[in-house]
Amino acid sequence: MNAAARPETGYTSDEMMSIAAARALTGGTRCFVGIGLPSTAANLARRTHAPELVLIYESGTLGSKPDRLPASIGDGILAETADSVISVPEVFNYWLQPGRIDVGFLGAAQLDRFGNINTTVIGDDYADPKVRLPGAGGAPEIAGSCREVFVVVRQTRRSFVERVDFVTSVGFGRGPGDRERLGLPGAGPTLVITDLGILRPDPETCELVLSQVHPGVDVDHVRESTGWPLDVSPELTTTEAPTEDELRALRALTTVS
Amino acid sequence: MNAAARPETGYTSDEMMSIAAARALTGGTRCFVGIGLPSTAANLARRTHAPELVLIYESGTLGSKPDRLPASIGDGILAETADSVISVPEVFNYWLQPGRIDVGFLGAAQLDRFGNINTTVIGDDYADPKVRLPGAGGAPEIAGSCREVFVVVRQTRRSFVERVDFVTSVGFGRGPGDRERLGLPGAGPTLVITDLGILRPDPETCELVLSQVHPGVDVDHVRESTGWPLDVSPELTTTEAPTEDELRALRALTTVS
Amino acid sequence: MAEIVSLADAVAELVHDGDTVALEGFTHLIPHAAGHEIIRQGRRDLTLVRMTPDVVYDQLIGAGCARKLVFSWGGNPGVGSLHRFRDAVQHAWPGPLEIEEHSHAGMANRYVAGASGLPFGVLRGYAGTDLPRHTGTIAEITCPFTGERLAAVPALNPDVSIVHAQRADRHGNVQLWGLVGVQKEAVLAASRSLVTVEEVVDELEPVPGQLVLPGWAVSRVAEVPRGAHPSYAQGYYERDNDYYRRWDAISRDRDTFRSWVRETVSGAEVTTA
Amino acid sequence: MAEIVSLADAVAELVHDGDTVALEGFTHLIPHAAGHEIIRQGRRDLTLVRMTPDVVYDQLIGAGCARKLVFSWGGNPGVGSLHRFRDAVQHAWPGPLEIEEHSHAGMANRYVAGASGLPFGVLRGYAGTDLPRHTGTIAEITCPFTGERLAAVPALNPDVSIVHAQRADRHGNVQLWGLVGVQKEAVLAASRSLVTVEEVVDELEPVPGQLVLPGWAVSRVAEVPRGAHPSYAQGYYERDNDYYRRWDAISRDRDTFRSWVRETVSGAEVTTA
C-alpha cells in the first residue's frame, strides 16, 4: 500500500480501492485470485462480509482460508488451509478451462478502453521493449474462461491507455462481438476497480465507462488520469466510504503479513 | 488353476506355466501386470527370485508388494502396499504411454501366429458375435507401448489360431515391419508362455516358433494344440522342471487367496 | 455446496430416462447401491458409460435399464464373463444393446477431455487394432509441430456421473482414498453428479493418498453405508469375493436373474423389450 | 533406482553446456541450491525452462548461464521485477537472452505432453492475445469431431529437470507435499532428472497430500538441507520473504550483483558475452 492515510478521510486511496474491490465479491463466489492487489481484496472480502467465498490460486489450491495475507500466490498458508491441493496443470485444465470459476480477479500494468490487459512489455517493439514486464502467467486463460473478470488497478494516464502495447489478456478485444468470435466463453471484464472509482463496460460499445467515483474524487481528475476520452455514466454514483470495520479488517490483514 | 497335479510329475501344467512365466521376470524389471494369469506369475516372481520386481497395475498402483495373490487387479492390497497410488488416466498417460515400462504381461483369449491378441469377440461378425469377450481393457496400449510383451495363455487349437477373429492388441500385425509402420514403439510379444512350452518370434518372419517345451510335453502334442503349422526351433530346449521352492511359493500364493 | 439428500431422492432428481449415465469406480468404491436404486426406479433407455462394466452394469443391463453401453472392459473381475451383458449382446435380451467400445487408455482420456472442457483427447492408441473399424468415436489427428499421427477420441460428458466415496462433510465436500480410478474426471466431466458416501462427518480428517472434491463441484451427496458392496471401501470393508463368484451362477440363467432382481432390488421387475 | 550422490557430482554429471534445463517448483520447493551449483560450475548456453522464473533464474541469467528462456511469468513474487532478467532482455547484459513466452496454462500443458510421451498438448488458450504473433510454439488445431479450433503447444522435454523435495528414501524414492506445482510433470518429461531433498530417510512415512516419485523414474538424488532456501519447504522451513525483498536491491545494480555472485556462490565470476 503506498501513500499515507489522507487526514481529511482517515484512509488511503489504495485502501478505498481494496475495500471497493472486496465488496464486489459476495456469497459463495468461486474466485480465481491473481497475483498482487486482487489477493488483498479477496482475502479482505472473505474476512468481512463473504466468509463463504471460495479462493482459488493458480499455485494449486481450492478453497484456501488463510488467516493472514499470503506473501505470494504460493504462500504455504494457502496449501495448509485449502480444501484441496492440486497440481498446477490440474488447476488450469480441470478447474479453470471448463468454466467452473465465477470471477477471475486480475491486476494489470496497462489496461485499455476495451478492458484488454497488458502485463508483458511496455513499448512498441516486443523484441526491444522499453520495459520488460513479468509476462502472462495465468492471466490470458483466467480472462478467457472465468464467467466474469474483475480488474483491480491504480488509475493513471500511463496505465489507462487508448490501446495496450501488447494484449496479454483479452478484455473485449476491439469491441462488440470480439469475445464471441474468439470463442472466449466468459463475459469478460465486467468491473474495473481503481483507486479513483469503478468502471463498467457499456453494454453496447463494450467501452469502459466511469460508473462510480470514490468519495472526494473529482470526475475531472478521473478523466485526467485516463488515456482515452473517458465516458461517464449518466447514473454515476459515489462509492460508500470505508466503514470502520472494513478499515480495521484491511489493516489487520496487511499489517500482520 | 485347473487340473490336479499329474501323479508322474507332482505338478500341474498350469503350475508349470505360471512358474515358467515367473522365471521370465528378473531383477528390477518394471512390469505392467494384466488381468488373470499374468498376475499369478508376476507375484510369484516377486516372491521368489525377483524381489526387486516393480509391479504396475492399471488400477493405479506403482510398485505394489502384495503378500497374497490379489483377487483382482484392483484389490485393496495393491494400493496399500504400493510406492505410489495414482489415477487411472495417469497410469496410461504418464507411465505407460511414454515407454517407461519394460514388460507388459498379458493374457489372451485368442492368439495368432504373429502374436496378435483377441479379447473382444469370437466369430466373424462383430455385431453378432459367437462369443462376446470382455474387450480391450488396457491391453492395446500395453501391447503397443511396453518395451516388450510377454503373453501367458493356455495352448489349444481354439486359442492358438492362424488369424485372430478380432485384433484387440497388436503383436506383429501381418509380419515384419508392421509395428514400425503403425508407430508402435515397443518390441512386441517377445515371449509367449503356455502350459505346453514357450514360443518366441522368429527374428526374420515375426512368426511365433516353439523354442522350448515343458518337461514331458511332446512336440507333436504342441503342434496339434496349435491352429497353424507350427515351426519348431532347431535349438529347441526343455524347460527346467519346477523346483520344490517354486512349487511351494506358488501354492502358498494361490491357496491363501 | 452439494446438497445432502437420500439416495432415492437423488436418483429420482438426477437420473432421467434416456440420460447418459456413468457409474465409476475401478474395482474399488463401485456405486452398487446407486445402481440398484436406478433399477428400483425403473429407469429406461440409459446410455451407460463405464470403463469396467462389471457386476453392477450386468445387473442394470439385465434389468433392462440400458439402451447403449460405452465401455472398455466388460467382465466379472477374477471370475469370468458377464452373462447378462453377453445375453444382451448375443441375444438382445431383455432388449438390444448398442455398444461403443474403446480401450482403457481411450476411455480415460475421454473422461479427462470431458473434465477439462475440451472437445477431444489425444493418445497413442488403437493403432493396428480392429477397434477403429467398429467404433465411430476414434479418429486420427496430426501433430501441428511434428506431423506425427495420433489417435483422437471425443470428450465424454455424461448427463450424470455417480461415484462412491468414503466420506463427505456437511458442506458436501467429498473425500476418497485408496484406488481413486477415474472418479474425479467422471464427476467433473458430467453435467450433474451424485456421490454416495459411507458416512457424513463433521470434519474430514486428512488421509494420505486422499482426493478431495469440493462440495461446489458436486450436485448431490447421499449417505449410503456399504453403498459399494460387494466391491470394497478402503478403511471400511473388504471386497466380497464370494458375491462375485455367486453372481456367476445367478446371472447365467434369465429366470434366476429375474428372481434375484425381484427379491434383492425390492420388487423391481425385468421387462423385455 | 535413483543413485544418491552429492549435489556437485549430480550437476557435473547431468547438466552440460548447451542443455535445455528446467528447474521447477511453484513458489514452494524451488531448487535454489542446485541453481547456485550450476552457476558455480560455470555452465553456459543453457536453454532455461521454468513457468515462473523468479530469483533463482534471475541469478542464473545474471551469471551468464543462459542463452534462452522459456517461461510464462518472470517476476519477483510479492516484490516486483527481476532486474537481471530485465537487463538481459532490455540491454543484453551479460549477453543476449532469447525468450520463448507462453501462458501458465500453455507451459503446464507443454510439460503434461512431455510427461505423457505426446508431441503436443491442446488447450483453450491464447485466443486474441498477442502471444502467438511472437511465440512460434503456438499453433491452431481443429477438433476432428466438432470442428472447433483450439490452441496446440509442443511438448517440453528438457534434457534435465531439477526439482527439490522434502524427502527421499535410500532407494531414491522421492516424497514431496504441500504445493506440488508441475514438478512431477517436469521430472517425467525430462531425459535426465535430479531431485535435491531436505533429507534422506530410511522409510517414507505417508503424509496427506503427498506425491511420490518412484526411484526408477529419477536419475539422481542429492541430499541438500535447506536446498530450497529462500523459498520454503513445507514441514521444514518458512519462506525467507526478506531475502526476496533484499534481492531487489542486490539485483538492481550490475556490480552489486557481481559481488553477490562472487561472495555467495563461492568464487563464481560473471563473464559478459
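Descriptive notes on the structure:
For clarity, chains are labelled A, B, C and D in written order, and residue numbers in each chain start from 1.
The criterion applied here is as follows: contacts are C-beta pairs under 8 Å (C-beta built on N, C-alpha and C of every residue); 3 or more make two chains touch, one makes a residue touch a chain.
Chains and their UniProt names: C, D = 3-oxoadipate--succinyl-CoA transferase.
In this text, all values refer to a predicted model and were calculated from it rather than measured experimentally.
Counting steps between touching chains, the shortest path from chain A to chain D takes 1. Chain pairs A-C and B-C differ in how many C-beta pairs are in contact, and the one with more is B-C. Look at where the CA atoms of chain A average out and do the same for chain B: the two points lie 58 Å apart. The geometric centre of chain B is 41 Å away from that of chain D, both derived from CA atoms. Averaging Cα coordinates per chain places chain B and chain C 28 Å apart.
In chain A, the residues that touch at least two other chains are 93, 97, 145.
Touching of two or more other chains is recorded for residues 112, 117-118, 123-124, 148, 184-185, 209 of chain D. Chains touching one another form the pairs A-C, A-D, B-C, B-D, C-D. Per the touch definition, chain B reaches chain D in the complex via residues 28, 30, 54, 62-63, 83-84, 93-94, 97-100, 145. Taken in their complex, chain C has these residues touching chain D: 117-120, 122-124, 137, 139-141, 143-146, 148, 150, 152, 154, 206-210.
By the touch criterion given at the top, residues 35, 58-61, 71-76, 78-80, 85, 87-89, 91-93, 96-97, 120, 126-141, 144-145, 166-170, 173, 178-179, 182-184 of chain A touch chain D in their complex. Here chain D touches chain B in the complex through residues 1, 112, 115-118, 173, 184-185, 188, 211-214, 216-217, going by the rule given at the top.
In the complex of the two chains, the chain C residues touching chain B come out as 26-28, 51-52, 71-75, 77-78, 81-82, 85-86, 89-90, 101-105, 108-109, 111-112, 123-131, 133-134, 148-149, 178-182, 184-185, 209, 232, 234, 238-239, 241.
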